[in-house]
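After the structure tokens below, expect a handful of questions from me.
Letters A, B, C, D and E name the chains as they come in the text, with residue numbers starting at 1 for each one.
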Amino acid sequence: MVLFAGIMIYAASDLPYRGDPDNLMHAEESITGTTVMGNYFIKNAYRDARTPNMVTVVLGDYRSIDTFGEQVVIYTAGLITLLVLRRSRRRSE
Amino acid sequence: MIWELELVIYLFLAVSAIVALEVRDLLVAVVMMTVFSFLMALLFVAMGAIDVGFTEAVIGAGVTGILFVLVVFQTSRKSND
Amino acid sequence: MIESHLPAYIALTFVLFSVLIPAFGLWRSELSQPLAVIGSGIAAAFSVYGFLSYLNDGALRYFFGGWEPPVGIEFVYDGLSGFFVMVINVVAFFVLIHSHHIGKREFPGKEMPYYALAMLMMLGFNGMILTGDLFNLYVFLEIASLSGYALIAIGEKPAPYAAFRYLIIGTAGGTLYLLGVGFMYTVTGTLNIIDMAAMLPELYANNAVFAALILMIVGIGVKAALFPMHGWLPDSYTYAASSSSALIAPIGTKVAAYILFRIILWLFGIEITDAVAPITTIIGIFAAIGILYGSIMAIAQSELKRMLAYSSISQIGYIIMGLSLANPWGFAGAMLHVLNHAVMKACLFMISGQMRLKEGHSDITKFDDSYRKKYPWTMAAFTIAAISMIGLPPLAGFFSKWYLVLGTIDNSNWLFLAVILISSLLNAVYFFRILEKVYMRNPFKGQKEASDATRDESPLSMMIPTGILAIGLIVIGFANAVIVSVLLGIYPL
Amino acid sequence: MRDQFQSPIVLLGARLLSPYIMVFGWYVIFHGHYSPGGGFQGGALLAASLLLIRVAGGSKLAELQIQEFATTPLAVIGVVIYFATGLVAMIMGGYFLDYAQLPIPGMEADWLRYTGILIIEVGIGLAVMAILVMIYDNMARGEDYG
Amino acid sequence: MGDFFMGHYAYWFTIILLCIGLYGILFKKNLIKKTIGLAILQISVVLYFVSVASKTGDATVTVIDANFPVDQVANYLNPLPHTLMLTAIVVGVATLGVAFTLLIAIYNRFNTLDEKELIDKFQ
């Protein structure tokens, strides 16, 4: 655990300043020239889906397979309670 | 980003997390866990993530709290550490 | 048309059947198992077809929602993912056929959620392999591991406790992985693997990247049962129902190993991985310790399933060792060993399930030579799989170890070479112990004579999958040159 | 939950509060485009309104509201809504979950996406509600082992 | 130095919370305590993601307002980590549900939730 704390502090010492708008994740263009996701979403969310809430657009459209997986996770959890705790009564018995 | 507010919430978060882990009565631990979730939701809103704060308040503090209480009632309430 | 949608079809088949099974299962519970077999059969057919068309046409990228990769999420169907998807789907198909009678005996009345969760677990594993997005990988990882915990929790009396320990360790690992993804996202600003791999050479001096690498390796290593993080595995595999352990043992750790391959070789690349500290060497040393530890612990066990579980720890060590060698021969050996070990372990766990069905136990000390008369075909399949596990030619297990040995010689890494040879001897010790009990005359007095026993073979629905996998081992052994030539084409450097 | 003594005041409060939470849950689902919220939060609120009655009034009263065997089909329906939306888009010639390909006449691509997001949010809401209630029910009845 | 502190104090507190959660997982013997530690660990990771999404200056929440043009991205917070964390929270709840299910099953069979007693009952 001390090791874990050490690694974390080591990592945090080199993370970019929090909230710095010049951060790479907030930048206009990445160092290899591809689109940066965060800004693309801010600029195009309303144009693409006519929805003011960007989080909803990202959740429901751009990264919809994530959301689908999330729904499947919840569905899995429900089935697990069914599997571990319940035993269906057979009619034949 | 009101950093004084955030600092206060951080301190409360740490305290409630330690209390939730150290207290012997599990029901108290569960209540402290709910307090932890709610403070966390407050912190998310203070950081501007209203969606995440809303979700954390509803799911983390609400539904998880109910399920935690249910588990404590279904099993034992005492803890040895 | 069908080729361009293939990655999505493979995953969506499992979603479709995981929804269909509850829909039909509420009405007639006994339909669940055939539906699961059909679902995994379709997916296996898709994945075999996909791998063949990959050999002709090359890699394929599938954009969900029609958004281009840095913005949207993609599925990448290249050689490595195609190979893994093919292996796990085909093995799962046979295991699900085999589970018909086990299901009736070990978890009666729970078929519907059981097979739905088996489908969901396969969805998770396929998604983990195919996805090209780090956060999406986390989501699929959680699907697969949640259903894995549930499948383990079904079984003997201590099974839920074993599953709970796995849950705590596995979820902590998943959370550490997510933290690693967070570091990577903060530094690079993207989540797509291909996009990120292009950026990393300019950022490799960053501390956060190094910490993210360690967090990811630890998080995934928990799932892969890499040596110091293997504590959950023996209990889980021993207490779980036989069909669960037959389904999870060949597939689960392999998929985690795949993620390690993907992260180290494709995302970071060897140079960046070793830039700050010699990560690959450290992983290799842990893998070597794991190989020896697993083999020695397996000798000490008297329960067949627990012995196989420890043997799994040792075999996953071979695969990770092939990764740490980081040369084409080691890579090919590791890939071939993924295929072999999936088939061998599935075969062996299926046989232990048959023993539990017929005898009511799988305790090695109670094995005697009457088994040879009672279950001739089962024991023949067991012999083939065991010999292949030890690594005698011309069976499949020999060739993967051979290529690993070539890899160590190529790196002139004599320590690993010695480890591979020693562990082969240890493997021989613990498998020949069983073979001796079954085929030699029993030295104890008062035991049943072999001639007394009548033939009492397992049902056909169990015998056919086991037999096919055992024959498959021989075929892989003879066809190894072809497979390796394909695998060498996948190697990224 | 084990037999606790029942307090009429708590039950009255829960019964008074529950419909409003439910209405708010539906509002959150359908208004997720314009304000924070969406399928998960709305579904969790719906589930909370049902769980409130279950906690306060015990399982007998709750059976009147939504019966236990109904939760699994509801969950399946929720997943199917999402899955079918994606599949229809795929059959119409797009990628999976490409809402711009949905076969609704007279709509531009952006409004189609708007509609598609709404459909899947309803699916998510249903599934989350049904499953949280299902988890509670199964846990409250304990395990029938042995 | 003050600049460095302002840029990093959120990370340090997140690390403290992560360590508290990890301590609960590793050293607590009661299984419900372990579950609480797991929940703390998960929520702390969410906190990390949310704190890196923030921007200094007058950036507002992620709902588009006509007063703030979307052309200037500094007007809005980064929506992507928020979205990811919605998913992660729900995944965390699903994990906790499964953990509770297993806890009830364990208590039903062994009548205890203490790790030492459980290991004693195995032998």
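The definition used in the following text is that contacts are C-beta pairs under 8 Å (C-beta built on N, C-alpha and C of every residue); 3 or more make two chains touch, one makes a residue touch a chain.
Everything numeric here is computed off the predicted structure, so don't read it as measured data.
K.L.:
Would you mind checking the shortest number of contact hops between subunit C and subunit E?
P.N.:
Counted as steps through touching chains, the separation is 1.
K.L.:
Please flag the chain sitting at the greatest distance from subunit B, going by CA centroids.
P.N.:
Greatest centre separation from subunit B goes to chain C.
K.L.:
Which of the two pairs, B-D or A-E, is linked by more C-beta contacts?
P.N.:
Top pair by contacting C-beta pairs is A-E.
K.L.:
So how far apart, in whole Å, are subunit A and subunit D when each is placed at the average of its C-alpha atoms?
P.N.:
Here subunit A and subunit D have centroids separated by 21 Å.
K.L.:
On a C-alpha centroid basis, what's the spacing between subunit D and subunit E, in Å?
P.N.:
Taking the average C-alpha coordinate of subunit D and of subunit E, the gap between them is 24 Å.
K.L.:
What's the distance between the Cα centroids of subunit B and subunit C, rounded to whole Å?
P.N.:
Spacing between the chain centres: roughly 38 Å.
K.L.:
So what's the Cα centroid distance for subunit B and subunit E, whole Å?
P.N.:
Centres of subunit B and subunit E (C-alpha means) sit 11 Å apart.
K.L.:
Where in subunit A do residues touch two or more other chains at once?
P.N.:
Residues 8, 12-13, 15-16, 19, 25-26, 37-38, 41, 52-53, 55, 59, 61, 63-67, 69-70, 72-78, 80-82, 84-87 of subunit A touch two or more partner chains.
K.L.:
Which subunit C residues sit where two or more other chains touch them?
P.N.:
15, 22, 64-65, 135, 139, 142, 146, 149-150, 153, 160, 185-186, in rising order.
K.L.:
Which subunit D residues reach two or more other chains?
P.N.:
34-36, 38, 40, 72, 79, 83, 96-97, 99, 128, 135, 138-139, 142-143
K.L.:
Mind pulling up the subunit C residues that touch subunit D in the complex?
P.N.:
Residue positions touching the partner: 5, 8, 12, 15-16, 19, 22-23, 26, 62-66.
K.L.:
Within their complex, state which residues of subunit C touch subunit A.
P.N.:
15, 18, 22, 29, 64-65, 67, 70-73, 108-110, 112-114, 116-117, 120, 123, 127, 135-136, 139-140, 142-143, 146-147, 149-150, 153-154, 160, 183, 185-191, 195, 198-199, 202, 206-208, 210-212, 214-215
K.L.:
If you look only at subunit D, which of its residues touch subunit A in the complex?
P.N.:
Result: residues 32-36, 38, 40, 71-72, 75, 78-79, 82-83, 86, 96-97, 99, 110-111, 113-114, 116-117, 120-121, 123-124, 127-128, 130-131, 134-135, 138-139, 141-144 of subunit D touch subunit A.
K.L.:
Under the stated contact criterion, what part of subunit C meets subunit E in this complex?
P.N.:
Checking each residue of subunit C against subunit E gives 135, 138-139, 142, 146, 149-150, 153, 157-158, 160-161, 163-164, 167-168, 171-172, 175, 178-179, 182, 185-186.
K.L.:
Help me check something: in the complex, which residues belonging to subunit A touch subunit D?
P.N.:
47-53, 55-57, 59-61, 64-65, 67-68, 70-72, 74-75, 77-78, 81-82, 84-87
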